[in-house]
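Below: a set of structures, written as structure tokens.
Next, two complexes with chain A in common: one pairs it with chain B, the other with chain C.
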Partner chain A sequence: MQLLVVLTRGGGRWGLARDAVREVVRQADGLAVATEEGLVRADAVLDVAAHLNVRPPGAVVARFWPGHCLGVAIHDGAPVVVVSPAALPPVLQAE
Partner chain B sequence: MDSRSGTGAASLRALLVETGEYLCALPINRVRQVVRALSVHPLPGASPELLGLAEFTGEPIPVLDLARLVGAPTGARPANPVTVVVWAGPPDARELVGLAADAALEIVEIAPADVAAAGPGLIGGEVALGGRPTCLLNLEALGSS
Partner chain C sequence: MARASDTLPKSPIVGLLLMVAFGVIATTGLAIGMAHGTPSWVAYLVLPIGAALLVLYVVFAFLPHVGQVRTLGEMAAAATTLEQQLGQATSDLQAGDLVATLAHAQELPPRLATPLANAARALGALVQQIQNSSIEVAASGSTVNATASELASGSSQQAAGVVEITATMEELARTAAQIAANAASQAELAAQSEQSGDTGAAAVEEALHGVEEVQKRINGIADRADTLGARSKEIYRVLELITEIAQETHLLSLNATIEAAAAGEHGRRFSVVADEVRHLAQRSQESVASVRSLLDEFAGSIRATVVATEEGSKEAALVLERARSAAAAIAELRGALTHTARAAREISLATQQQRTASDQVVLTLKEVSQVIQRMAQGLKHFSVTSERLHQLALSIQLLTQSFRLDSPRSLKNLGERCAGEVGLRSGHWESLGPQMEEVVRQSPFVELAFVADMNGNIVASSANPEWVAEGTDTSAVTAGLNAKERPWFQAVVRDGRTVITPLYESLLTGQRCFTVASPARDARGVLIGVMGIDVNARSWTKI
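Moving on to the complex of A and B:
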């Protein structure tokens, strides 16, 4: 089990390691999650302390999604893609 | 290809699936379940073949657009009303994957002599079933690049 912050962005649900998150800041166009690596953009934060069973993403996700995925999990019935603040997909990157 | 993958010398039992204007035959020993279309959560930036992720029996699985995978023209029911959950990848690293399709039709027996081999990729062969060309899928190749 991993302790994650779960957020939504671009129609997807994303997870960040709880230990990597410093604070959540409201901005004019949404939220920004502050991490040691910089800001992560979010539409909403669903959970700040979700204990989730994270498993490897598998070869199919790796083949068809160019982002760096640390794992996948289920949060409240919906899939979560766990990412590193140091290697964010474009949809999560602050401009 | 060996008999465990459903493509050996003995006849192959396969689930016949309609997607776009194509028929696809999925080795039955690779089919986990056919369900009504799973609710798919998109993965921004993914290739068009990857519709997103879905929850299946409490686990996240990728869902692929079968028509796009095989290059099938759009058919009469492009909404993909069913998801065929299959085991993809090699036996020692298999994973569950959803294939969004138009319909699961029937289970058929395919004689190896009737199959025209197509190559090492996802479409492992072609066969005519009921007068319609049918792609015989090699799901072992699905996870490889």
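Moving on to the complex of A and C:
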């Protein structure tokens, strides 16, 4: 069972592996999740979910997804995109 | 004749003495005889003596004067001639023909001719003076009449003017009374307005104090709003602190949840506490947000209050300024009303005085009007009197014209002279026209000059254009006129002298005139016609 830290950013929900997260820190314009690879920007941290069913992305999603996507899950009826701190989409990257 | 006149008086004296002597002797003889009862010898003696004395009287008194008796016959004839001459002269004098009187006086002896001529001349001079005086009186009367008429007209105009002035003054007096009443009302209104102004000034003063008080309170509200604004800022800072604490708490709770999740089953309780803390932090943030929202509303209200109080303060300042201006205006108005009230009282007093003066002027004007009316009536009487004077002067002139004088102003002399020239043209009536025209031309007082033959026909005439319209046919007037029926014609034929008629109405002009009618004789002295001159009564002073 994989633990995912669910956060919101840019109107969407994002998931980071719990093991990759060191702590949540405050930024000037919001929050940031500190990882080994760097900071991941977030508007809010929603949950630490343990029972999400992460599925690999489909061919269509993988084709058009700009970064590296580890999988997709459903959290409280909303889709969560699980990403790797090493290959963050631009919306999550810290300036 | 001188000798006879010297001796004649002696004979009667001698005769008288003889008769007295005869009488005395006879009376004495009769007395003696009667005393003795019988005639005595004395009586018989006295009678012969008396007879002798009578004979002596005849002898001594008349016989010497037989020659003188013959002279007396001659003297009687001369006296008869003289009597006739004197009678003619006195007849002329009686007829007023002084010219003829003087002519006949020349035929009298010098001792009669001289006094008669002197008397005639003196009478003529007197008549001329009376004529001149009557003309002067008439002229003066005309002047006085004209002046009186002019003055009467002027006084009538004056009376009318005074009546108009009186009416105007009465209207002025009424107007003054109305002005006085209006001024009194205005003074009363001004006094009331003055009191109202005082009340208004007090009200404005109270309003001024009230506005100042309101301004002070608005300023106090503004100060308190500022204080509230400052306090709300402090609350904001507290809210920010709370928010920061809640965020930190939320951050801590998130990290605690993450860590608790990593702890597995052991961190479950801790994760529950962390979730609760996170939830509390969120609720705190939400509460802070609510408080911030309320505080924002409160701050907005405070800002609005501040703005409102500032505007209210400005409005209060403006109202205060306006109230002060109103107070100043009311003060000026009150001063003006005071001045107006005083002026109105003065106007009322002045107009009352004016009304009194106007009433006095009206009374005076009415008295003046009465005086003028009396004066106009007096002038009318004066005019009537002067007209009467003119008529009297004309009457005197007519009386004086009853004398014929050797004077250019003697109408009888003029008539005689013209008639004499007519006599020279006996039988040639057609040649008299120019002569008549000449008479009219030289005598502006003549209305009509004419000649009537012995049948009473007007054979020549000429009218004065001053009195008769030019082109008037005078023959139409004289055509049906039979002069023989006229009194002047009959008087001339009867007396053979020039006559002057009384005043009568002219057939030619319709105005009053009189006629000078003179006998026209030929070279033999035979009456051949009557020369007439009509004198207009309105121009007789030009004689």
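Keep in mind that, in the parts below, the second predicted complex is superposed on the first by the 92 of 95 C-alpha atoms of A that agree within 3 Å, B and C clash if a C-alpha of one lies under 4 Å from a C-alpha of the other, contacts with A are read in each partner's own complex, and residues count from 1 in each chain.
Heads up, the rule we're going with is that a residue touches a chain if its C-beta (ideal position, glycine included) is under 8 Å from a C-beta of that chain, and two chains touch if they have at least 3 such contacts.
This is a predicted model, so every value here is computed, not measured.
**Student:** After lining both complexes up on chain A, report clash or fit for chain B versus chain C.
**Tutor:** Taken together on chain A, chain C would fit alongside chain B, as the superposition shows.
**Student:** Using only C-alpha centres after the superposition, what angle do chain B and chain C make about chain A, to the nearest 10 degrees?
**Tutor:** 80
**Student:** Using the touch definition from the top, say if A:Arg63 reaches chain B (first), chain C (second), both or neither.
**Tutor:** First partner only, chain B.
**Student:** I'd like to know which partner A:Ala94 touches here: chain B for first, chain C for second, both or neither.
**Tutor:** neither
**Student:** Once the structures are superposed on A, label A:Ala86 by its partner contacts, choosing first (chain B), second (chain C), both or neither.
**Tutor:** It touches nothing on chain B or chain C.
**Student:** Using the touch criterion from the header, give the chain among chain B and chain C with more contacted residues in chain A.
**Tutor:** B
**Student:** Considering only touches as defined above, state whether A:Arg13 meets chain B (first), chain C (second), both or neither.
**Tutor:** Once the two structures are laid over each other on A, A:Arg13 reaches chain B alone.
**Student:** By the touch definition at the top of the document, which applies to A:Ala50: first (chain B), second (chain C), both, or neither?
**Tutor:** second
**Student:** Identify the partner contact of A:Val24: answer first if only chain B is touched, second if only chain C is, both if each is, neither if none is.
**Tutor:** A:Val24 contacts chain C only, not chain B.
**Student:** For the combined overlay, can you note the least CA distance between chain B and chain C, rounded to whole Å?
**Tutor:** 24
**Student:** Show me the chain A residues, by the header's touch rule, that chain B contacts in one structure and chain C contacts in the other.
**Tutor:** Comparing the two interfaces on chain A, one with chain B and one with chain C, no residues are shared.
**Student:** Within the complex, which stretch of chain A touches chain B?
**Tutor:** Chain A residues touching chain B: 9-13, 55, 58-67, 72-74, 77-81, 89-91.
**Student:** Under the definition above, what is the set of chain C residues touching chain A in their complex?
**Tutor:** By the definition above, chain C touches chain A via 247-248, 251, 254-255, 257-258, 260-262, 271.
**Student:** Within their complex, state which residues of chain A touch chain C.
**Tutor:** It is residues 3, 5, 18-19, 21, 23-26, 31, 45, 48, 50 of chain A that touch chain C.
**Student:** Using the touch rule from the top, collect the residues of chain B that touch chain A in their complex.
**Tutor:** Going through chain B, the ones touching chain A are 41-47, 49-50, 52-55, 58-60, 62, 64, 88-89, 93, 95, 97, 142-145.
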